[in-house]
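Going by the order they are written in, the chains are A, B, C, D, E and F; count residues from 1 in each one.
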C-alpha cells in the first residue's frame, strides 16, 4: 500500500527520523500524596499518572482472594490547542475517554498477578496536562511506572509478601503518514495519518494489545508487519528508560 | 504461544470445526419504515440493523460538500443471559457501548465516498435482540447490508447520481481458546478466550480495523498472523453471503 | 357527540370494519434467555415482551412475604416513521415512556397474587421493534403472555407451590375517528382521532384501567359507553388468542 | 362490585358525606410577578398555580399561526407527611410527576383556542405547598383560574383580539373506598381506595379526560357509571366557585 | 469610597430610610406536616422554611454521638419577575443555589450543639415563593424559626433532654447603593449595588458569617465597618421579632 | 475572642511565624497552547492556571460592546490526601466547586474593564495538581497572572487597543487557629481553624471580596479587623511577586 522506499529516511517536519522517538522524560514522585506518581513527558505531551491504593475492592470483586486495577483518563481543558470543554460540565464522559481508559486499564491489568496483589484495588489516574499526540500510549507507559512505585511502597510497608507485577509494560503509536511508516506520531502527524496503530507490549516482547485503524486508506498485511516491527523498536527504548528509572527510585 | 497442532481439528463444544463460522442468516427489509433494514443472525446472536437517511448533517459537517455516517449500538435488557439494566435508566451510555459504536461507525465510514453520498447523514442503528458473542462484528456485517439497501433506496428515488459505496465490508472475531486458534467465537468461547481479535476487512482483502486484545495470556507475532489468516477465511464467506443477498434485493 | 350512524359500517382506510381488530400474532419463546418471552404483532405493530424472574426484591418490598412486578417500555429508534432519538443518548426517560410503563406495570400487577408469587420480582421488558399505533396495549396483551410463560417456567422448576395469576389480562384501544367509533386504531387513525381510549380488562370482564382522552373534541357519556362496548368485543377476541396459545405452550 | 347501599350515607372519617367536597378556597393573584396566579386550597391540599405568558413558542410550534400551552407540576419536599427528596437533587423528574404534568397540560390545552391565543406560549406552574390527596385535580381546577387571569391580563394589554378560552374546566377525583362510592378523596382515603378515578370536565358537561384505575379490586361498568355521576355533581360545584371568582376578579 | 454624607437620610425609591428594614412578618406552623415550619415575608420576599427531623443520620456522620443539620434552597419558577426554569428540568442544581444552600446550612449549624441534638438530622427546606431581594438572608432568619419550632416539638415528645440551640441566629443584607450605605436591599437596589454584604449574627452580637462582594466598585475598610454597623442595627430588630414569636409559639 | 497575645510569635507546626506566607513560586507559560498560563505553587499547593481567549461571547453577553470573563476550578483526583472521585464520573459538579469557581470568576472580573477588553471572552481554568490548603486563593493569585499574560498576548497581536486590566489582584487566607491569628493556612491548620477568612484585594489596597466564616467559634469585630490587617500584609508580598514576574515576562 505505502510507497515507503524513496523518501523513507528524509527527516520529518519536527526533524526526527521515521524510526525515532520524541524525547522521553519520566519524573517519579511528581505528587506527594499518591502512593505512586509519575509525570511522563513525550515531546510536548505531558501526562500525570497517579496510582492510588484502595484497600476496598469494588463490589463485583469482593471475596475472591483477588485484587483489581482500574484506570481513569482525562484531559485538562487547555491540554489541547483549542480549549476542550470539561466532561464534568457536560455531565458525562465522552466516547473517546471511555475507549481510552478501558484500554489503559486492560493493558495494566495484564501485568498484575491479582493473587499476589491481594484483596485491594489500584486506581491509575492519567491526567493529560498538555497534549501533542500519543497521550493514551504515554498514559500506559507512565501508568506502569506509577503502578510499580505504588507496589514498591506497599512492599516497604510490608503489605505485600510477593512482587505482584509479572513484567514491565509500555505502549507506543506507529502509523502511515505521507506514505511511509513512522514511529511515535505527534498531533500534527496523527491528524494526517492514513493508518494509526497503538501497540502495547510486555518486556518479554509479547503483545497484549494491537489496535490498528485505517483513518484514511485501508492497509495490507505487509504494512501491518512493518508497523509492528517499528513499534517493537520504540518499545525497547521505552523499557530501557523505565528500567533505569525504577532501579534508581 | 499456542500449541495449535495436536487437537487443532477436534470439534468445538458446539460441534463446529475451529475454522467454521456459525450459521449466518440475513433478512433484508426486516422493518418497514427504515430506509435500509437487515436482521442478521449469526448462530443465536441476532442484531437488527436499521439505516436512517437524514438530509440534515450534524453541525460540524455542514457546508463541506461531504456526507456523514454514524452508528449507535444497544442491547435489549434480555439479550443477555441475565438481565442487563437499560442505559436509558442509568441515564448514561456505558464505556463498552461507546467503544463498540465508535468501532461500527469508523468501519462503515471507511467504505463511504462522502463526496458521492452528498450532504446528508446516514445513521446506522444496531440493536441486539439476542446476544451470544460477536455482536459488534455482526453489527458491522449486517450494518453494511442496511447501508447498501439505504443507498439503493436513495438511488431508486434519484437522490444519488453515483453509487457511494467503495467496497463491501464485513467483520468477524477470531481468538485463542483452549490453546488453539478458532473462528467466530460464541459467548461461552469468548469468556474463556486468552486472546480475542476483531477484524474488519474490505471486499478487496484490505484491512480497515484490527483490534487484538490479550484477555488472558499475551500473544506473539506468529499467533497474530495465524489469527488474521483465519479471519480472512471467514470474511470471504461473509462477503459471499452479502453479495448473494444484495444481488437479489 | 359522534354521528356514528350513516357510514358506520363503511370500511376503514386499511379495509377493516370499524369493529374489526388487525391481525394478531403472538410468538412464544421468541428469545432464548428470558424466563418468559413473547413477540406480539398487531398489524404492523411489533412488541417484544420478555419476562425476567429476579429472586431479589426491590428494597421497599423486602421482608413482607410479597412479590413484586414492574415493567419497562422502550421503542427502538427506527420503530417509528422518522427516527426517534434514543433515551439513553438524551440521558433521561421521557414523559410518554414513564406514563406508558407505569400503565403496563400497574395493569399486570392487578392479576398477580403477590403472596402466591412469593418474595421475588418479575420484570417485564416491552421493546417496540416496529410501531403502528397501539404499542402500549399490545405491550400489556403480550406482556401477560410473557408473564404467564415465566410463571410456567417457575412452576416447572418447582419454585411455585400455587399458580400466582388471578385472571388473564388484555388491553386494546378504541376511539372516535372521522365521527365514528372504531376498534384498534393504527397510527394513521390515532393521529386523526378526536377521542382515544385505552381499556385494560380481566378475563372475567371486569375492568382494571380505563384511560380516555379527548385529543380533539370532548366526548359525552354515550360515546364513552359505546366505546367501552366496542373495546369489550375486541378484548374477548384477544383473550381467545391468548388462551389457545398458552394451552399449547 | 361495590355494596354501596347500606352504609352509603354514613359520614366519612373526616365527617363528610360520601357526596361532599372538601372546603374549596381559591385566592387569585397570590403572587405578584406572574401574569396569572391562583392559590387553590381543597381541604388541606394547597397548590400554587402560576401562569406565565411567553411570547416565544417552543421550536416545534413556530410559524403555524397557533399558540401553545404546557404545564409543570412539582411538590415541595415537605408537602408530604414524610419528606420527599427534591427531583432537582435526584437530577431527574420521576414517572409520577411526568404523568401528572402531561395530564394537566393536555387538559388545559383542551379549552384553549390556539388560533385565538396567537403565536405565544402559556406555561402553567403547579407547585404543591401541602398535599392531602387530589393534588393533580386541584392543579387543573386552579390552573384554569391562573390561565383565565393571564388571558384577562393579555386582554387588558390589548394583546388579544378575541377571548381564547372555549369553556371553563375543572377536575375532581372519585373512588371506591370501603365498599362505597365517594367524592374528592383525601390522602387517607386515597391510600385505602380499591378504585380511583380522575375526571376532567368542561363547563358544558362534556368530558375531556377519564382516568380510572383499579388499585385494589377491578370494577364493572355500573361502578364506572355511578362514579362518573358523582364526579359530575362535584364538578358543578367547582364550576360555580370558579365562575364567582372570575366574575369578581 | 462612598459619599454617604449629604443625601444619607433622603428616602429610598420605596420610601424607606437608608437604615430601615422592610416590613417583616413570620407565620409559624405554615404547613401542617413538617416538624417545624415558618413562612417569612420581608417586604415582597416570601420564603417558606420547613424543618424535617430525620432520625437517620447521613452515612459520614453515623456513630459519633453527634447530630447533623443541612439545608436546601430553591425558588419556584415564578418567584422571579421573568420565569426561571426548574433545576429539576435542567437535571442539575446551579452554582448560585449550591452557594446559597451551603451558606444557610453552615450558618444554622453554628447555633446547634450537636451533642445535645443527638444522633439525628435536621433538614431545613427553604423554598422561595416570591423573590424581591434578600432571599438567602430571609431563609436563614426564617430557617432559625423553623429549626427552633422543630426542637420544641422534639422537646414536647421528650425526645430531647437538653435544649440544643446555643443562640438565636439571624441574617441581613447591607450594601452601597447610589453612593450610600443602606440596610436590607430589595431586588431593584440589589441590582444597582456597588457593594453587597450578607451578615449572619448570633443573638450575642458575635458574627458567624460575613460575605462582602464588590459587584461594581471595590470598597475600603471604612465602608466595611460602616456596613457592619448598619447590619447590626437591623439584626437586633430581627432578633426581637423572632423572640416575640417564639415566646408565643 | 482570641487570646492572641502570649504565644503569638511561637512558630507554627511547619516552622512559620504566624505572619509568614509559605514559599510562593509562579512559573509563567507552564503550558504551551493556552493564551496565558501560570503554575502557582504556595508551599505544597500547586494550581495550574490557564487563560483561554475566546472571540465568541456567551449568548447573554452578545451585542453590548462588552467583554466577559468566567472561571472553572477543578481538582485532580489525587490532589488530595485520599483520592477524591472525579466530578465527571459523578456526572455533576459539587457545591464546593461551584462556590469556588464563582468566587474566582467574580474576583477576576472586578479588575477587567469590559469595554477595553472588547467583545470577547476570557476563560480561566484553575486545575489543582496538588492541594495543601488555600487552593482557591492561589487560583485567584495565579489566575491573575494567566489573565495578564493572555492580555499581553492579545496586545502583541494588536488585538487590543488599550490595556484592559484596572489593577493587579491577589487573594490570601487568614484565620484563627489554636487561639491566634495566622496568615496563609495550610491544610492541617485549615482543618483546625475556628475562623477562616478569604480576602481578595486590589493592588490599590481596596477590597473586592471578604468571606469570613466561623467554622468553630463565632468571631467579633476586633478579630475581623486583626485578620484583615494580617491579610493585607500577606497580599502586599504577593503583589510584589506578581509584579516582578510580569515585568520580566
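Throughout what follows, contacts are C-beta pairs under 8 Å (C-beta built on N, C-alpha and C of every residue); 3 or more make two chains touch, one makes a residue touch a chain.
Since the model is a prediction, treat every value here as computed from it, not as a measurement.
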item	value
Equivalent-chain rotation between subunit C and subunit A, CA atoms, steps of 5 degrees	120
Numbering shared by both copies at the subunit C-subunit B contact, with half separating same from different	same
Subunit A and subunit F, separation of their C-alpha mean positions in angstrom	34
Euclidean distance of C-alpha centroids - subunit C vs subunit D, Å	27
Whole-Å separation of chain centres (CA-atom averages), subunit C against subunit E	52
Sites on subunit D at which at least two other chains make contact	91-93
Chain-level touch network, classified as line, ring, star, complete or other	ring
Starting from subunit A, with subunit F taken as the next chain, the full ring order	A, F, E, D, C, B
Interfacial residue positions of subunit C with respect to subunit D in the complex	1, 92-96, 98-99, 101-102, 106, 110, 202, 204-214, 218-221, 224-225, 228
Of subunit D, residues touching subunit E in the complex	31-34, 37, 44, 48, 50, 52, 54, 72, 74, 76-81, 83, 86-93, 123, 125, 127, 129-130
